[in-house]
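Some notes on the structure that comes next.
The letters A, B, C and D name the chains in turn, as written, and every chain counts its residues from 1.
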């Protein structure tokens, strides 16, 4: 099975010898490195990040034993925070959506075309409207009403549906507020698409805000959700040029294209284990 | 003189017949329209904006008499706020600068190459450092010290230098605060380059702010200066992609390129009478 | 019916007075101009192009009589090539497609979302694969086998299906050669999406060509089809940055996004009567 | 001297263990890796490229002995084509230019501001016009007339000036043809800026070609010069959007900005040893 692969993500205090230790370990065990990215923050007492992708076909140990050996021989001495994952089976992705379907459908389309290394397993919406569209892709759809007065019940129901069934949760224009408890339950695996070039126009109705400010460029931002609204680590952003001719509706139309593109890129990066979080920032090994 | 041109800028309440009235007037007087842009805000009781460029070689009246006739026959009946200007002589541009020379030098270079339809007539700096660079372009340089305790005297001296000598005042990374009085004296003809994608990262040290927020795109914004800091009408913006690898110094370097480009574009647009202000927004007939 | 609109497209020899004549005519007949673009080529004996959009609610004549009056009073004296069209009913769009579905589905999606001012009326494919996807949008699907030996029959069948049923014909990655006769029958209303930044990499397999040449940017081009392959008037182009890491398959994936975006923009521009052809170039009033 | 750095560039047949061998060697000798990029072509019998930047402050051998040890212990067993270079002293850059000064001045400016890790040591022009501008930067200027009938003498004189005095030769809009002998003498260290988005519009007058073709985007390309005109390995490209309004002169103005930006980026990448050539393509570790 020479084509089988695994991905090793590491975060640790920066110091000499890390690359030699990691690559030496992998070489001794028959792992052929095919992709290698690294980054270190420049500060005194900097942090080192790396992502290695290697072929597992000739590795001399089962993956679990390789993990144990790595922990003992490399990770412990270098105080590493690390994860070794196989791209198979792919991550299970659940999507929360309200009425706007563009970001959801772009995800489903891209996935159906085989361009998203993931398994879209579940769509939850607080409206029933998108059921047939979703089920047309062979994906389970659950209608979970939500709103100011039923938040607790809604979230309980969603947790029930999601637990053990989703590795990543994507907010594809989900217009309900999520509680701090819900957000922290999915910390680091909850991605939102915000329809502005954050930190500009955080909060509600960003296209109207952008129109009122008269900006010449609008954008969209995919980020991990944290307790603080629209302030989580940014994964990906993109922009489009606009002019005085563009009304709020034009900005929304242009924005939908940005949102689709930016969200799919962010989900792909996450599913390929290319994003590491560091404080409120990301290291993206694109 | 068939190649001589004039530019007519109009803002007025929107209603039927404006184009027919304006173009009919110009045709009757022998003016050949060569460029025509228009925009109307969509709101009830909308506002109509237009910019016409026409050849004056066969116009049957001197420009001043044409102005009087236009006022009586067209502008008054349609309640127009208007301006008829000739591109010759070009607008006189004065530049305020501190120590960063990139935006200033880009302006001088572009002007020297004949690509800026303007006359750069004066550079004022609160530091003496750039004198020889500026004078090398054959442009007058004045050192006017400024700072918290000498603002009033500094601004008085600058007004003395500028009055009657500058049609446009450009802040090319001028790091001193200007008083409300100074700003309002040059209302509508005072352009600043801000080193961020406004409204994100208004205020001081925007590249540091951008680095701390972990954005994936940085920008620069050229805007008219108003009493409210960094909130005036935006003329032009541009952006560049960055990553976790870029330190604050990298953002500054990338930003300098954006600032140069965006400021020169904004100054060119203003000098070609292509920018109309409407509230805190601009209509740019690019 | 104050909201009803019409669009007037004009091409004529450039000379003074055209705007006054056209706008005066429209004003006298109660047409309120809401959008006005113009362009003139600078050459001696230049050509003038204009697009006017106006409200027809208070026009004093039926559209056909207005046309006759315009022909007599304005078009004839100024030797105009012109067209007055109403946006309702919208243009009927037929799509030719082979197996790649991305460009087709983007068109159908955009149209279904109400963002394409058109009526997608028919999809013809030389493969049966996309029938259910297309019919799911409520659009008629016809399988017309095509190939080297059956070109004549195939085109005869397509003409039968298209004549009187389509105002615009879109090649959304249709991989069969069309005869000169077929192309000329739909001259000016046959749009193709080419998967390169034309004129670079015309002909077959442009992503492989781009990969072999080692370009750092790839693109897509929407153009009107003419007798000469890949050389017709360009309507719209867009690009994406690539690197040595991108294999041919990556370029194809990135390219699919470009193709989708560029084709939809071009079809929208055409359907809004914003594109005028001049020799092998276009004037696009975006 | 913990801040001193060295750069190791390697090209070799791809096989397991390269990273472990290289990083193990550097670690044993006290070199702290601070930047590490790699790429391997995917073909059977692929080629592996890597660039390592490391601190030399605690290296246990003089650089020359380290080179000998690396050759014996690592490079030979892995059949490496490699180069170990120190960023100090910086590469000496000579520029060939004709009359257009924008690309040259951008290089000089960027260098003067300390943003180009190089030493601009010499400018040669076939016109005397730019002498004072160049000498104002403290850089030597040599006027070497060139043309159809004096090519041989001109190139002999240039070789005399350049040999031993330049590590990189930049054609900043040098409008004379260079002989095959001259080009091959500077193979791999001769960079040209072409004023189009190659391979579109190779050859003369590309902005006129672009205008005639009616493209909606123009570009510029920096590439290594090879015997075949405009066909050498591309280092960097960039583009700008244009429209039917842009005349050839407008394309030239927009293009000058692209040329400046693209050439400086390419020269910086080369001077930082970030570009490896592979056939007619480049691997750029940006």
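The rule we apply is simple: contacts are C-beta pairs under 8 Å (C-beta built on N, C-alpha and C of every residue); 3 or more make two chains touch, one makes a residue touch a chain.
Note that the structure is a prediction, hence the values are computed from the model and not measured.
Peer 1: Can you list every chain that touches chain A and also touches chain D?
Peer 2: Under the touch definition, chain A and chain D have B, C as mutual neighbours.
Peer 1: Suppose chain centres are the mean of their C-alpha atoms. Which chain sits farthest from chain A?
Peer 2: The chain farthest from chain A, judged by C-alpha centres, is B.
Peer 1: Could you state the distance in Å from the CA-based centre of chain A to that of chain C?
Peer 2: Chain A and chain C have C-alpha centres separated by 37 Å.
Peer 1: Go ahead and note the Å separation of the Cα centroids belonging to chain C and chain D.
Peer 2: Each chain's C-alpha centroid was found; their separation is 42 Å.
Peer 1: So which bits of chain D are touching at least two other chains?
Peer 2: There are none in chain D.
Peer 1: Which part of chain B faces chain D closely enough to touch in the complex?
Peer 2: Answer in residue numbers: 102, 105, 109, 113, 115, 136, 253, 257, 261.
Peer 1: Write out the stretch or stretches of chain C touching chain D in their complex.
Peer 2: Per the stated touch rule, the residues are 39, 42, 197-201, 213-217, 219, 233-239, 243-245, 247, 280-284, 286.
Peer 1: If you look only at chain C, which of its residues touch chain B in the complex?
Peer 2: Interface residues on chain C, with respect to chain B: 16-17, 19-20, 23-24, 26-27, 30, 32-36, 38, 40.
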